[in-house]
Amino acid sequence: MNDLIKENKLLDAVVSAFKIEGKVIRDRRVEVLADKNMVSSILLFVKKQLGYIHLAHMTCVDWIDQGEFELIYTVYSPVDKITIFVKTRIDRENPEMENIDTIWDQANTYEREMREMFGIEFPGLVGEFEFILEDWDQIPPMRKEFDTHKYAAETFYSRPGREDAKDVREELNKRSGAKVPDFAKKYSRE
Amino acid sequence: MENDKNSQKIVDYIRNFSRKHSLFVLAYGTGCGAIEIPATMTSRYDAERFGIRGAATPRQADVLLITGYLSTKTLKRVIRVYEQMQEPKYVIGFGSCTINGGMYYDSYNTINGLDQYLPVDVYINGCMPRPEAVISGFVKLQELILAGKANNGEKYRENLEHYRTNQKKIIKNWKMPDYNW
Amino acid sequence: MNIFFTIISLLFSGALLVFLINKVLPKISGVVAFITIAVVSALFFTQVTVGESYHYMVGEIQMQFGVTYYTYIFAIIVLGLSTLASLYSIQYMQGKQRLGFFYSNYLLTVAGMIGIIFSQDFISFFIFWEIMTWSSYLLVIYNGYNSSKIGMKYMIFSAIGAYAMLAAIVSIKANYDTYIITEAMQNGAFSFSDHIYIPIMLLIGFAVKAALMPLHVWAPNAYSKSPMSFTAIFSGAMSKMGILGMGLVLASAYSYSNSESGNAILALRYTLGWLGGITAVMATIYALIQTDAKKLLAYSSVAQLGYIIVGLSTGTKLGVMAALFLAIVHGVFKGALFMVVGAVEKQAGTTDMTKISGLIRKMPWTFFVALVSIIALAGVPPLGGFVGKWMLYEALITESNNYFLVIVIFFSSTAAFLYSYRFLYGLFLGQEETDTAHVKEAPITMLIPMVILALILIVTGAYPGILFEPIAHGMHYLGFNDVNWDMSILVNVWGEESNMGYINMTIGVVFVVIFTFLTLKGYKGTKEVGTKDISTGGEVPAENENLSYQLDYFKPFERAAAPLYKRSMNKIWSDLGNAMEALFDFTRKIYTGNGQTYAIFVIIFLVILLLLKDTLFAN
Amino acid sequence: MEDLGLKIFGAILTTIMGFTVGMTYGGIVRKLTARVQNRFGPPFYQNFLDLLKLQSKKTNVAHGFMGHMAPVWIIIAAVTVLMFIPILNGNLWFPNMSFHGDLIFLLYMMVFGSLGMALGAGQTGNPNSAIGVTRGLSQMVGYEIPFVLALVALMIQYETTSIQELTKIQHETGVWNAFANPFAFLAALFASLGMFRYSPFDIVGAPAELASGPVSEFGGKYLGTMMSGGAIFAFIKLTLYVHLFFGGAGNADDSGILATLAGIGILLVKTFLLYMIPVFYGWINPRYRTEQAIRYFWGWPTALGVIGVLWAVYIN
């Protein structure tokens, strides 16, 4: 159908401006992989030059194997209806990312959440520390090395009767006699 | 008249009868269960015919209705609200989250089992319990009240240390004012 | 040396004495002032026989001193209130500067008021009036520079009134050849038949002190900026001097009201009544948007004076009776309220209701006084305020046919509940702030006068007859005969009784019964908690978190009554003042400072004279 | 002396009757509201159960002296006003301490209760209470205007300020004031909408936004006492209206049992019909903001009241 003209134009603009690689995922979805120092300038560029004025979302993925956090800034343009993902990797040991709530105010909320949930430091971030969690003394709970199952088991009183907690999907398939699909096996608890 | 057993019995029966038939519910709408309460009050299920009506503040309320999961952060507020209620006061745990954590049983931030922290009179299980279930739970509570078995307010006051230890186990820095009790 | 001169000279010498004593030991100046006033009141209430009068000839001006039953009413207000206020003032003014200045002017003001009450001829009346005005002006600007502008406003309006009064007095002498007030009244100086301007001008002079629209703009600031121990008599007693004069003029005017000048007097009645009603309404709605307790009370006293003037304007028996009753009761409760505010100011440091709240546990006695006085102010039974309001309504509905004035008065007295509650809530109720934790109860010498006033209110509510006795005599002097009253029974024009004793008895009985019932039954289960233990949706309010609701208190009412807040008298007067300044600026321009110009002026003048000599200097 | 005994007995009888009738009417209104909303609804004696439960609470919390006294003030005002309201005119079993000018007295005495209520609510320190109180007072300033206009119209028309006089006049002329001065009656009717605080004028105790406003800190016996005071006040207002506009009830000459019962029956019928007016109006109306309510009352109701006064002055 449409041959992704606008998407490619956007990709070329960003890539040629910053000498970074990126790709068009599908129509109306473009992603660029940037270095952590470039991110703010890229965001400013797409906001001011290309009219991508809406920071739709901002999240973090914990790549524990590579020892990295991946931060994803989701920016949207109401004019040409394209969402661009600006992705960057930061070190997992002492995670620190520059604070962009000067560009978008709503980034402040996301950054405070990440600071609490992943322990990523945003220098110059305003707002008191306790945002969602109250008096939390463990490692940040969204990090993958934090075993929430164990923590819940030893912190909260767990009522007896859940020892045989099974995978619902497996149980259903057993009863219905259908074989478990492979993707399901991958997710099962055993 | 205190020594006279029969008259005391009669007085107690009258009191319990009135308590049974007039329950002011403070629905603490935590989690997804809160949406079932309006349905329960509306004209299809009409909880008011049992004398159940909403109360605006804990001072006026008899029943504390915990609808759904309780995060540790919310638990602190719920405890304060419960302690502001006047005796006799009842707690209804609503939905499987309050019973055993439900689908959040392994969450780092959601309690499993409300009765460790507050004395629960009646549990309504299900995820979510439908309004019929809610009404049946209230009817069960009313039976307990009429039988004079629903006196968990005193239990809470007597075993306050037990509950406090449980509460302080998960509410790390206990900044609750002491004028509640 | 008769009793009147003794009293007056006692006060003057006391003023001088205080001023001198303050130089050596300022501590006791307040005590001296209090003793002086106490001695004076003791002398007055024991030695003075009502009705006697002394004549003096100064040159060929005849002066006359004495006390009539009518002025005796006001003597009660002035002396009683100023005695208590001066007792209160000892502690209140402690540690303030220029005590000699303060107390000597204080005594001078009292002397002026007493002199006005004594003097039965216009000359001494005017002299004492001016003494009162000037000394009170000096007290208004006591607080220094920030209140000098306010004092200037007060001075200007007082001057307007004084000039009007002086002109009236001179023309009375010119037309009726007397200075004695009673003679002037008998000769019909106020009869509105000829020289209508005489009573009008006198009324203007009195209306300034009585803070009647549109001459009221000085009052709110002057009341709120002067020291509270003086404002107690400033608003409680001195404003009643205007009422005194108005009563004299109007009463003798109404005695002519079925003569050929009846229409003019009817017009005057309606004008005065509506002016009083509008004063009441405007002052009330301005009082309920104030955030400073002093300002609120100041506006409310303007409103109360509006009621009193309405009562006078009816010109009927019950109406004048209501006016005089309200005058006394207003003196009592407004004095008490200003004392309360003063106590709060002294203890808590401010009277800004947005800054302090929840003083009830700190100052329970002050709260009790405030509560009683507020109930009297709002006119809620069973206190004295209701009796006055009841008589006022009876008079307006049954005696004078001024029906829509009833609505105006009722509107303002219903809106009075708003600022009454605002006052109590703002100062005493609400959250207990952490920054008022140090506040203590007021010292005893400040409490005693307040509590006495509160008790007076309670007693007069139960037995208004106590006050009806002097009022009835005074009204007999004014020409209203057979005012029938009983110790606790009010009688309206149809001779129908309403028994205040029953009401209070009922309330008392029910109160006792219910209170015992509530406190005994299940009282064991009741526990008292602090104001931080409130249902805030489970949140724990921090210690220094301000949860009290003080700003934009009656915003919905403001929005609803927005048109009433549009225009204020202040602005009109200031515009007038600016216009006058511009005019004078222009006239100043003819003095160019150049001799030639003046020469030209002279020549032009001569030329004009020459041209017009036939027309000017004919015959 | 048995006269005084009879008086006291009658006073107690009056209080009990006012309390019972007020509570029952409240329950009936709840039932009817439920039926209108196609619900089954609570029994008509639900309010009594609520009151019994509230009074049998084991613990109560008061915020200081005024908070403790607020229900007392309300009860005092209610009972005192009830003493001055003629329940059945001229009936020996329901004596009342009527005096001439008691209409003005009632106007102010009714405020006495709400003033005490306001003071109690103020001392709790709950901001919601203070907001509710300010709304209530502002709304009161709103509806008092047409109400007083109507009353003044009656007072002028019959040149009396006594309720009994007004009722007697209606009996003699045989014409109810509702028809003798229809404009005043309409104004008073509009005022009654705000007086009973049903929707759309129930912003004072809006449960959702204000946490039930002034009473938000009162529970247990305090709330119960306030409930009973409110019930008595409802009965008072209804009886006052009936006596002012609907010719009262009861036969002034006959105080026999049958006549008394008949009078009570008539009174109940009239009051109930009158009570239904604000209730019906509330069923079909959403909630007004405070300034909207005040404007509402200062609009047509006040105009009607003015017309009523003019009617009283010039037509009669």
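Letters A, B, C and D mark the chains as written, and numbering starts fresh at 1 in each.
Here, a residue touches a chain if its C-beta (ideal position, glycine included) is under 8 Å from a C-beta of that chain, and two chains touch if they have at least 3 such contacts.
The shown structure was predicted, so the numbers you read here are calculated from the model rather than taken from an experiment.
Undergrad: Could you compare the number of C-beta pairs in contact for C-D with that for A-B and name the larger?
TA: C-D
Undergrad: Determine the centre-to-centre distance between subunit A and subunit D, using the mean Cα coordinates as centres, and give it in whole Å.
TA: It comes to 63 Å between the two C-alpha centres.
Undergrad: Cα centroid separation between subunit C and subunit D, in whole Å?
TA: Roughly 37 Å, centre to centre.
Undergrad: Using the average of all C-alpha atoms in each chain as its centre, how far is it in Å between subunit A and subunit B?
TA: Each chain's C-alpha centroid was found; their separation is 39 Å.
Undergrad: Could you put a whole-Å number on the gap between the CA centroids of subunit B and subunit C?
TA: 59
Undergrad: Subunit D: which residues touch two or more other chains?
TA: Only 57-61, 211, 216-217, 220 qualify.
Undergrad: Where in subunit C do residues touch at least two different other chains?
TA: 529-530, 532-533, 535
Undergrad: Please set out, as single numbers or ranges, the residues of subunit B touching at least two other chains.
TA: 57, 59, 76, 84
Undergrad: Can you identify all of the chain pairs that touch?
TA: Result for touching pairs of chains: A-B, B-C, B-D, C-D.
Undergrad: Which part of subunit A faces subunit B closely enough to touch in the complex?
TA: 132-138, 141, 146, 148-149, 151-153, 155-159, 161-162, 165
Undergrad: Within their complex, state which residues of subunit D touch subunit B.
TA: Interface residues on the subunit D side: 30, 34, 37-42, 46, 49-50, 52-53, 56-61, 207-208, 210-212, 215-220, 223.
Undergrad: Which positions of subunit B touch subunit A when the two form their complex?
TA: 72-73, 76, 99-101, 105-113, 116, 166, 169-173
Undergrad: Quick one: in the complex, what on subunit D touches subunit C?
TA: For subunit D paired with subunit C, touching residues are 55, 57-66, 68-69, 71-72, 75-76, 79-80, 83, 97, 99-102, 104-105, 108-109, 111-112, 115, 118-119, 122-127, 130-131, 133-135, 137-138, 140-142, 144-145, 148-149, 152, 155-156, 159, 161-162, 211, 216-217, 220-221, 225, 289-291, 294-295, 298, 306, 309, 313.
Undergrad: If you look only at subunit B, which of its residues touch subunit C in the complex?
TA: Counting only subunit B, the residues touching subunit C are 28, 57-59, 76-78, 80-81, 84, 175-177, 179-180.
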